[in-house]
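In what follows, structures are represented as structure tokens.
Heads up, the next two complexes both have chain A, just with different partners, chain B and then chain C.
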Partner chain A sequence: MTRDWWKHLVLILGAIIVLAPFYMMVSYSFKSPGEIDRGEGGFFGRQEQMIDPRCIALRQPGRADIEAARTRFLGQDDASVQASLLAETEAACSMRPVVFNYSKAFTEAPLVRYLLNGVAVTLSIFLIQSVVALPAAYALAKLNFWGRDAVFGLVLFCLLIPVHAIALPLYIGLAKLGLTNTYAALVVPWTISVFGIFLMRQFFMTVPDDLIDAARMDGMSELTIVWRVMLPTAIPALLAFAIFSVVAHWNDYFWPRIVVTGNRDLFTPPLGLREFKGDGDGSFFGPMMATATVIVTPLIVAFLLAQRRFIEGITLSGMK
Partner chain B sequence: MVVLESSVAADVTKPKTDNRPARAGWGLVAPALALMVLILLIPIIVAGVLSFTNYSLGNAGFDWIGLKNYERLFTRSTYEKMFVATFTYVVTVVPISVGLGLGAALLVHSLGRIGDIYKTIYFLPVMATLLAMAIAWEFMLHPTIGMVNRTLEMACGTWFEVIPFFAGGCADGFPLWLGDRDYAIWVVCFIGIWQGFGFNMVLFLAGLTSVHRELYHAAEMDGARSGWERFWLVTWPALGPTTVFVVTISCIRAFQVFDTIEAFWPQGGGPNKSAYVMMFAIFEKGIQQNLIGIGSAITMLFLLFVMFLTLIQRWLVERKVHY
Partner chain C sequence: MSDLHIASVTKHFGETSVLKGVTLDVKDGEFISLVGPSGCGKSTLLRIIAGLETPTSGTIAIGGAEVTQLRAADRNLSMVFQSYALYPHLTVAENIAVPLQMRQMTALQRLPVLGGILPGARTHKDDIAQAVRHAAEMLEIAALLDRKPGQLSGGQRQRVALGRALVRDPAAFLLDEPLSNLDAKLRVQTRAEIAELHRRLKATFIYVTHDQVEAMTMSDRIAVMMGGEILQCAAPDVIYEDPDDIRVAEFIGSPKINVLPLERNGSALMLFDQVLNSHLSTESPKVMQMGLRPEALQLTQSKPHLTGRVVHLENLGSEVFAQVALDSNGSRVTLRAMPAQRHRLGLGAQVGLSFDLSAAIIFDAGGARLRHVEGAVTCAPEVA
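Presenting the complex of A and B:
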């Protein structure tokens, strides 16, 4: 242990740099704008009551409000009625910074909708990828047919192509079909995962032939074999692929940025955050960091809960 | 029961020569094949063809302009900056993130179970949405209220001022980082390394666990006494295939850098275009400015680089003896 102290020192220094932006992101999401500006308050901030200036501006008591409130403040002149009304709005508009930041994150932009979009898009991508890749992987691994080697060669070639690199022609194609700014545009280019085919094929190669022959004897069609015999054996590999796919697409920013322009209903979480940054002024650091925290948290928590599986899934590409 | 039946089944099915597997095989492969052609191959051909035209979305037709787009790529100063920024990024990020990944893996591996906590921490940036983290870094690097410059300012008035960087910073203010054209691309490189080295570390760790213990004993028998010697004799050669793979995948990822650049400078790719990388150029020219021809030409060059790299990797791996 004492011999290893320098290793710990180096690794701890590295850990501080790695964690610094996470620390700052979460800390800012707790603090009031003033504390952020002055750089005080430690990690949680002092959590003093603060007044939301926009809320005050929106609820400025007008002539009509004063008239309406006159019955409540009997025998007072207009100025004092207005003053008491102002005090009321201030009381209603004041809150703890952490509440302010997180409530703003969800009310300034439809963050829940963005998160649901993210879930819908990542899950549909994964489902379609599996439905397309599993039968193909099975055929390439276990069926002898003319042209199989050519198809597998094509799979190996396509592994070379990063989909992001051909974004421009894909975008032109989708634009010609009138599909930009639709859910389809977010999903379609990812429906084929050559990597998924390759991975599942390698896995299926290890499944004993006897199992398949037995299923054939039972009169199963090849497609039924894929879902009833091969799929259950492939659950661990498929889970790893799921993690790989979901992480990549939840975090993807480039593709949604290209095919979704303006239509907020289709925004994925990273796009929502980007828009927040675009129109935020200085006082919105807190809510913005709250949004960022909300977006980053699901995957981080899942990762911390199932570390081994996640590391396997993400480094799957190392098996090539 | 399955086992009993299957031995019989194997005998029964062997001699049959019907073409059921053939038809079924094509049937099962067909959807994947169609999508591969439609989504991966045709777009490459389309980009190749369009790179010789002046096509724009919305125009009815286009003119063939030969190699003009490519000529522009190699003569205009904007694109020179694009190549410089891209290669600076790749050449900086790949060796450093691979080196740090290897170093971290060796340290973590030698610590045993306690090392796992560092593994978890270093892997966090790989999982986190890069765009969100880019924005967090942007705040960290804010010239006046950012954590980085605040920390640096704490060094003012101490012996740190002996270092010219601190002396200058305390006198005239610390760098603007993202707004300074001398620093911008390096900051982007730093974030690329920050995000990527944990991934490389995990790949190296997987490689390290597969190195046989006996090899180290054998090396010791042969007189490799220091840890350093053992590293060069055993660990490094055993990690060969892993290293080739890690370098290639880091290169491909580095070529695709986009999120950080777009988050920091939505217009123009950095101060004086110092961080105008290829993916950003494709996005700006091809999609925002609707100059499809030039965008396609950049796409083709990009594909060429990436495919070339992967082919080198495959060649290296196949040539390599297995230890």
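Presenting the complex of A and C:
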């Protein structure tokens, strides 16, 4: 223990560096705008009642309101009726900062819709990636055919191509097909994952040949073997791949930003964050951070729930 | 169930030739062992019969129909693998049911949810469950049907693998060293059970093993393979007593057969300057080898053929094996003696050995059997 203290020190420093932005994000999502600007209030802020200036601006009592309210405030002149009405509006528009931030997150933009979009897009991508990668990996790992090594070489080569290098041709292709601003544009470019093929191929190499021969003797076709024998034994590896795939595409800002230009119905969660970027009336950091918290929560919850399987999958030791 | 014909099958992996023209006929209901040292091509031959490998040349026929180009799935053969190769994600019952599901149900019926509501699925499922139960009872694994393979011992997995093979009615059973992952005691027990299973099913069994004891105890016939060829295919007692080739004689039998050099001097047959027989035809080769089983050697005090010193002793209780370093050339021979003779076999003791020439098996320098020499030696009266 005493000799290992420096390891822990390094790990703690690393953890602080990784966790600091999350700390800021969650903390900001609790605080009022004033507290954020002044940098005070600790982690939770003071949670004092605050008044939403926009709410007030929208509910300024007019002539008609005063006339309508006259019956409630009998024997008062217009000015005092207006003052009473203003006080009522302020009471209605005042709330705790945390409620303000999170309600803004969901009301200012259709965040639920964005989240559903995110789920649909990431799950479709992962599903199609698996449908492509599993048979391809099986063929590369277990079947002997002419040019197999060359094909595997191409797979490795494709791993080296950065997404951003081919973004423009991909975009032009999609645009010519008239697919920009569709779900297809968000999903189709990612359906063939060479990383997935590579990962599953490496895993399938460890599956004993006898198991596949036994399946053949039992009367299975090659595709049946993929779905009925290889897939069930590859669940840990597939989970590892699922982490990479889902995390990458859930958090992706770059590609949705390119192919979804106008239609807000197609926004994925990260695009939703843009709704709170500073316009003329200043940035809404509180609601923005609340949105960010809502976006990352599903991933963190999923990770905590499946932590064991995830780590098993990453180390690929789940077999046997 | 049907007979099996393998006609001049060869197999090359790149430059290396694994099978060099193997021809073998297996009769319906026969238990044949393919036995040989590792790398002799016996597993490759079995995989070619199974359809898991295609031969470079030659043909395979099952029941008169040629199947050389047929997929493994369409050959109606069952195979038991050395590693058992059970599906780790399925229970024992599901494992045994797989071959039936694949053959009796359509792809639609096999679908997880939809399959259950299709017409006929119910009766299919009941039939399969019935067959699985029957197979499990035959192998005494009915209590394990709900377990996963990971929860079973080696012997139990072995039985499940057997169950998966015999649940349908295949033309032949192919077994690839099925006992080699079991411990010694279980191996003896399972050996007897497989032999009994063969008698009960009256099916064709092709059994690959490198263990000659398994081959000797279970088979109707043994095919001894070496270097990609079948050296001899015959009943176990013939293989043991009447081998065609010195490699067969050396491979079968434990401890190994003793091989001593023979020479022909004129018409005299010589063993270490000692005339064994003098009625040899002068056409016989000059240099020969003589194989003597350990039980063919006897301890003797008068007129020993061989003398030597005991250098190693193995007492098995019912018998004693002694290694004797010969005085003539220092080579070692193994002698099987009765426990009663042990007092004469102390380490370092000088002993004399004799043998009956009719028990000797004579080969030429290349290892081929010389039956005519043996005939001449044993028929003519010895005059030495």
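In this section, the second predicted complex is superposed on the first by the 270 of 320 C-alpha atoms of A that agree within 3 Å, B and C clash if a C-alpha of one lies under 4 Å from a C-alpha of the other, contacts with A are read in each partner's own complex, and residues count from 1 in each chain.
Heads up, the rule we're going with is that a residue touches a chain if its C-beta (ideal position, glycine included) is under 8 Å from a C-beta of that chain, and two chains touch if they have at least 3 such contacts.
Please read these numbers as outputs of a predicted model, since none were measured by experiment.
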Touching partner for A:A175 - first (chain B), second (chain C), both, neither: first
Touched partner set for A:Q76, first chain B, second chain C, both or neither: neither
First, second, both or neither for A:A214, with chain B first and chain C second: both
Chain B versus chain C as contact partner of A:I192, first or second or both or neither: first
Contacts of A:H164 with chain B and chain C, given as first, second, both or neither: first
Which of chain B and chain C A:V229 touches, first, second, both or neither: second
Dominant contact partner of chain A by residue count, chain C or chain B: B
Partner chain(s) touched by A:V155 [first = chain B, second = chain C, both, neither]: first
Set of chain A residues, in rising order, touched by both chain B and chain C: 208, 210-211, 213-214, 216-217, 221, 320
Touching residues on chain A, where the partner in the complex is chain C: 208, 210-211, 213-221, 224, 229, 232-233, 320
Residues of chain B defined as touching chain A within the complex: 2-3, 5-10, 12-13, 20-29, 31-33, 35-36, 39-44, 46-47, 50, 57, 100, 104, 107-108, 110-111, 115, 118-133, 135-137, 139-140, 145, 147, 150, 194, 198-199, 202-203, 206, 242, 245, 249, 252, 256, 258-259, 262-263, 266, 279, 282-283, 286-287, 292, 295-296, 299, 302-303, 306-307, 310-311
Parts of chain A lying in touch with chain B, wherever the complex brings them together: 4, 7-8, 10-11, 14-15, 17-22, 24-25, 28, 36-37, 39, 132-133, 135-136, 138-140, 143-148, 151, 154-155, 158-173, 175, 188-189, 191-192, 194, 197, 208-211, 213-214, 216-217, 221-223, 226, 247, 250-251, 253-254, 257-258, 269-270, 273-274, 277-278, 285, 288-289, 292, 295-296, 299-300, 303-304, 307, 310-311, 314-315, 317-318, 320
Interface residues, chain C side, partner chain A - complex: 47, 50-52, 71-73, 77-79, 81-83, 85-90, 98-99, 102-103, 150, 164
